[in-house]
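Look at the two complexes coming up: chain A is in both, with chain B in one and chain C in the other.
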Partner chain A sequence: MSVRVEHLSIAYRTRSGDVIPVDDVSFSVADGEIMGLAGESGSGKSTLGTSLIYLDARMKHLGGLVELDGGKLPIADSRAMRPHRLKEISLIPQYAMSALNPTRKIRRIITDLLRSHGMRDREVMSELKRRIALVGLDISVLDQYPFELSGGMRQRVTLLLSTLLNPSLLIADEVTSALDVSTQRAVGELLIEFRDRGFVKSMITITHDLSILAQVADSILIMYAGRLAEKASTATIIDAPLHPYTQLLLASLPAAGVRYDQTKLTGIPGHPPSLANPPEGCRFRERCPFAFDRCTATPPFEQVAPGHYVACWKVAPT
Partner chain B sequence: MTGLLSIDRISKLYGTSLVPALRKVSFDISAGEVVTLIGESGSGKTTLGRIVLRLTSASGGRVSYDGHDISAYSGAQLREYYRHVQGVFQDPFSSYNPIYRANRVFDLIRTSYFPRIPAPQWQDKIEAALHAVALNPGEVLGRYPHQLSGGQQQRMLIARALLLDVKLLVADEVISMLDASTRVDILNLLVGLKRSGLAILFITHDLSLGHYVSDRTVILRRGAIVEMGDTVEIFGHPQHPYTKNLLAAVPELHKKWRTPAAEAETRAAARNGVDILGNATSAGERSPGGPMAVQPITWRSRWSYRETGHARALEPPPLRSVGPGHLVADDES
Partner chain C sequence: MSDVTASPEAPEPAMAPLPGVPVALPPAASRHRSDLVYYGLRNRKLVVGLAVEALFVLAALFGPVISPDNTTAYYLPHLAPSAQHWLGTDYFGHDVFAQLVVGLRESYLVGALGALCAAFTGMALGFTAGYRGGLLDEVLQMITNIMVMIPSLVLLVVIGAYLKTRGILFEGVFIGLTTWPWVARAVRAQTFTLRSRDFVDLARLSGRRAHSIVIRDIAPNMASYLFLVVVLLFGSSMLLAASYDFLGLGPTNVISLGTMMNQSTQWSALQLHVWWWFVPPGLVLTGMVAALLVANVGLDEIFNPRLREQ
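Up next, the complex of A and B:
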């Protein structure tokens, strides 16, 4: 078991009180598993991913446990987390490809990063060069500035950077989102390849785009308004989802080949509840066509079939 | 057949840029027709939308609306043009001034177009427009932009266009920033408006969305049309290799990019590993033009002005007809 998260809760401190975008979340990611983490904006998916590696000043660890390869990660203590970062757990934050320092050449960015973790670039340079070729870049990128590279090239550089020390877990937040379809495909396939080659043991890929996850992920975890809604293998989520939210979300996606005059797709009416003052019970209740009186209590996130977890009273084993 | 809007050999060169953003792009849009303009970043799709909206000028060619060249418009004529042609853009969050209530966008329309309309009548007009975009006036009027969801903001911008006698809507990536669950509602809204006679130039990079809403599709690459025609025809029988590549890269829920056999093969290769890991050159030998090739579409590097020279750079590849209304360009890659 590579990653185990138990009852994790993370709050954002705001002037009007705590907002809890990650509320009592438990899941695990196996060795070699690429887990997709999907949800709408504001569902807490990025906060969950980021909290496993870095809690910024606004974020507060309310409770819960994160284990990586059997060892506990001190996620609440930023200083204690430092030796784990990059070496064991690594993050590609959202918009990382636009966050490369524009005044530094790629080589300098890499050496700075390694030095800040107490390493010499010489130790990894030969491996780095091998991997640069592997992702289809030319070695000359090292002497280029980030703005000289296209989006896809920059995304490959961030992927190389974050996996250079072969971390156990890579958290990739929206790495394919700002890319064109063909580049998106190349980067998506690269994620799989990095896992296959063992550059990373397991991966959490965060995105709002379920169709990308259908391509790259082994399992998918769906989040809604700060809570987990459903987790199962990719095939199960896509073909036999049990949570009403997952079902409706999938039904609203225009697949290639669907036209308005043949199949009329529908969105989900309403909008997610505010996390500042979330309703009691199931948070999807207000938008759910199957809601009944029991939904006023919070449904547990339970296993209903091997590897298939759902938080819904309609499907929960009684 | 003359369309509502006719785009005729439009070219655009940006100031110091060495490559043209648009190369003699021509197509028509008829009343009540949805034309999707598909292209990847840098293909010139947004520039074309901006030229139609007169937000930037073309370097060559002409856009005519109802038979009149729009580049000559100024003052009252331009205002009259905007009464019929409006745009909605990608980022609703930055289309509003955050310190004013969101319905100020309606008031601005009132001052420029309906200064004499009495208040109660104006209120009715706003409510009718909001109902047309499936918004509840009570829920959105008087709110500040940050109190509205992205979908609501985008709908209000469409409602704003509907206050005018709009005949053509330029919708540039209008749903890219919205969540999946509200996206399709905006699409359906556009389909409904189309049925009531509105023409839409739907600009997107997302092929599935384009397929869902449009009657005709124009695929743009490097500022030139590579293929255009009936949407069903283009998606069903793409002719140009670029279109085929683009369609193959679209992530779908029920179809994998790679077949299981190819998948297993790569995995086996990866496990045995040494060949590619040990040998740096082999990575470069992967199928050129395949999805692993670096930037198969980004072209600035390979296709520079200097190599091709000015005259050729502006000349798009010739289009030939392969079916009724279906045009395909020669492959220039």
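Up next, the complex of A and C:
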């Protein structure tokens, strides 16, 4: 088990009390696994991803633990976390295209990163040059400023930076969101390539786009309103989902070869609940067509088949 | 963006010849610097301002060589400007030109000292308050506000009363330590906007230390502003020093432009029509500061691309 998260809860401090976008979350990612993390906007998926590496001033660690390669990550202690960042756990942010300092050349940005982890650039330079070629860039980008590169090039540079020290876990947060479809595919294949070459041991890909995950991920974890709904291998999630939310989510995707001028694309009726004041019990209850009286209690996130976890009373083994 | 779609094919051929990846010469290696030089030389304000300033600096550096006399030699008092004494002599019979070039030097020295002290203190506090935020920011803001409230002239009188002699060093440091608050405020505000930028966020996520982020990520993005602040501080320190000297609060053991004007007032130069005693220091001071400000406007136009092509 490369990454193990147990009962992790993260809160945002607000003036009207804590808002808990990550509530009692447990899952694990094996070595070499690319796990997709999907959910609607505001379901807590980005918070979960970021909290594994950096808790900013608004975020509070309520409980739970994170293990990486058998060692405990001190995620609540920012100072103790610092040496782990980039080296063992790294993140490609949502804003990968604007994540480079406009006043420094790429080479200087890399030197700064290495120096802050007590390394010299000579140690990694030859490897870095190989990787630059691997992602289809020219060595000359090292002597260019970020604004001289296109958005796609900047994104690939950011990808290189965050995987430079071969982290055990890479969190890719919405890396494909701002790209056109063919570029999305290229980035997805790059992520797989990086995993296959061992640049990163395992990966969590955060997105709301299930079609990207179907292409990239080995397993998919579905989040809803701060809680985990379902986790299974990609094939199982796509072909035989058990949680009603996953089923409805997949049903609301447009089908290939169908024109939607006559039929209307169906969505999930209703809205996700406010996390400031979440309802008791199953959080999907209000929108769920199968809801019954037992749903007023919180369903456990249980294994129903090998590697298939669901939090729903309808499918829970009784 | 078309190059991005080609990337899945690109890796494989590129991976084959491992060690000898051809290193293309960077076309953009020194474009940034030469850009500044190009616009700098074309900017008339900067060129004229710097030329005038350079003239004064040369006069300050080589003053004693140019001036035929030294400041302590005695001649007849109130001699009008002549070939012998370019700017005449004062009430005591000292050569005014000799005093002027020495005074220039003191003005530059005080200006530099004051600017450095103020810039250092202001930036240190501004960056700390802006980057850390929170309680530390509150405390530092309070200190800054208190410093703004204290009238520096009164403070100088009080401190001066306890000192036997006041030197150039004291005056420079005093000016520096009383003018930093506006630097701190401006730097803090700029840091606030920069610290929430994406690249600063990523630097934090990748385990960079706070001081390294401030020095390498935040400061370079306001470098032109910081540079202009130092130039402005330099000019204002010289003016402040001259006004302290004129009031008799300046250094007690040196000749400066301000003390020259102080002396000329005390010995009724205006009433006796000895204009060559007080006009030259005033003109020189005005010229020094004005040239600096003109050059500053020019620099602003060079650093700020939006002002460039007008």
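The working rule: the second predicted complex is superposed on the first by the 312 of 318 C-alpha atoms of A that agree within 3 Å, B and C clash if a C-alpha of one lies under 4 Å from a C-alpha of the other, contacts with A are read in each partner's own complex, and residues count from 1 in each chain.
Quick note on the criterion: a contact is a pair of C-beta atoms (placed from the backbone, for glycine too) under 8 Å apart; a residue touches a chain by one contact, two chains touch by 3 or more.
It should be emphasised that the depicted structure is a prediction, and the values quoted were computed from it without experimental measurement.
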Open item on the list: I'd like to know which partner A:Ala305 touches here: chain B for first, chain C for second, both or neither.
Closed with: neither
Open item on the list: If we overlay the two complexes on their shared chain A, which of chain B and chain C does A:Leu249 touch? Say first, second, both or neither.
Closed with: first
Open item on the list: Touch test for A:Ile268: chain B only (first), chain C only (second), both, or neither?
Closed with: first
Open item on the list: Between chain B and chain C, whom does A:Ala297 touch in the aligned arrangement: first, second, both, or neither?
Closed with: neither
- [ ] Would you sort A:Glu40 into first (chain B), second (chain C), both or neither based on which partner it touches?
- [x] first
TODO: Could you tell me if A:Val135 is touching chain B, chain C, both of them or neither one (first, second, both, neither)?
DONE: both
- [ ] Figure out whether A:Ile212 sits in contact with chain B (first) or chain C (second), or with both, or with neither.
- [x] first
TODO: Figure out whether A:Ala80 sits in contact with chain B (first) or chain C (second), or with both, or with neither.
DONE: neither
TODO: Considering only touches as defined above, state whether A:Asp143 meets chain B (first), chain C (second), both or neither.
DONE: second
Open item on the list: Quick check on my understanding: which residues of chain A belong to both its chain B contact set and its chain C contact set?
Closed with: 129-130, 133-136, 150-153, 156, 180, 182-183, 185-186, 189, 193
- [ ] Could you pull out which chain B residues touch chain A in their complex?
- [x] 40-41, 149-151, 179-185, 187-188, 191, 205-209, 211-213, 231-232, 235, 245-247, 249-254, 256-258, 266-267, 270-271, 273, 276-278, 280-281, 283-284, 286, 291-298
- [ ] Write out the stretch or stretches of chain A touching chain C in their complex.
- [x] 50, 53-54, 57, 81-87, 90-91, 93, 95, 98-104, 108, 112-113, 115-117, 126, 129-130, 133-136, 138-140, 142-145, 148, 150-153, 156, 158, 161-162, 179-180, 182-183, 185-187, 189-190, 193
Open item on the list: For a test of understanding, state which residues of chain A touch chain B in their complex under the given definition.
Closed with: 40-41, 129-130, 133-137, 150-153, 156, 180-186, 188-189, 193, 196-197, 208-212, 214-215, 238-239, 248-250, 252-260, 264-268, 271
Task: Complex contacts: residues of chain C adjacent to chain A - done: 1, 3-8, 10-11, 14-15, 18-19, 21-29, 32, 133-134, 197-199, 201-209, 212, 216-217, 220-221, 223
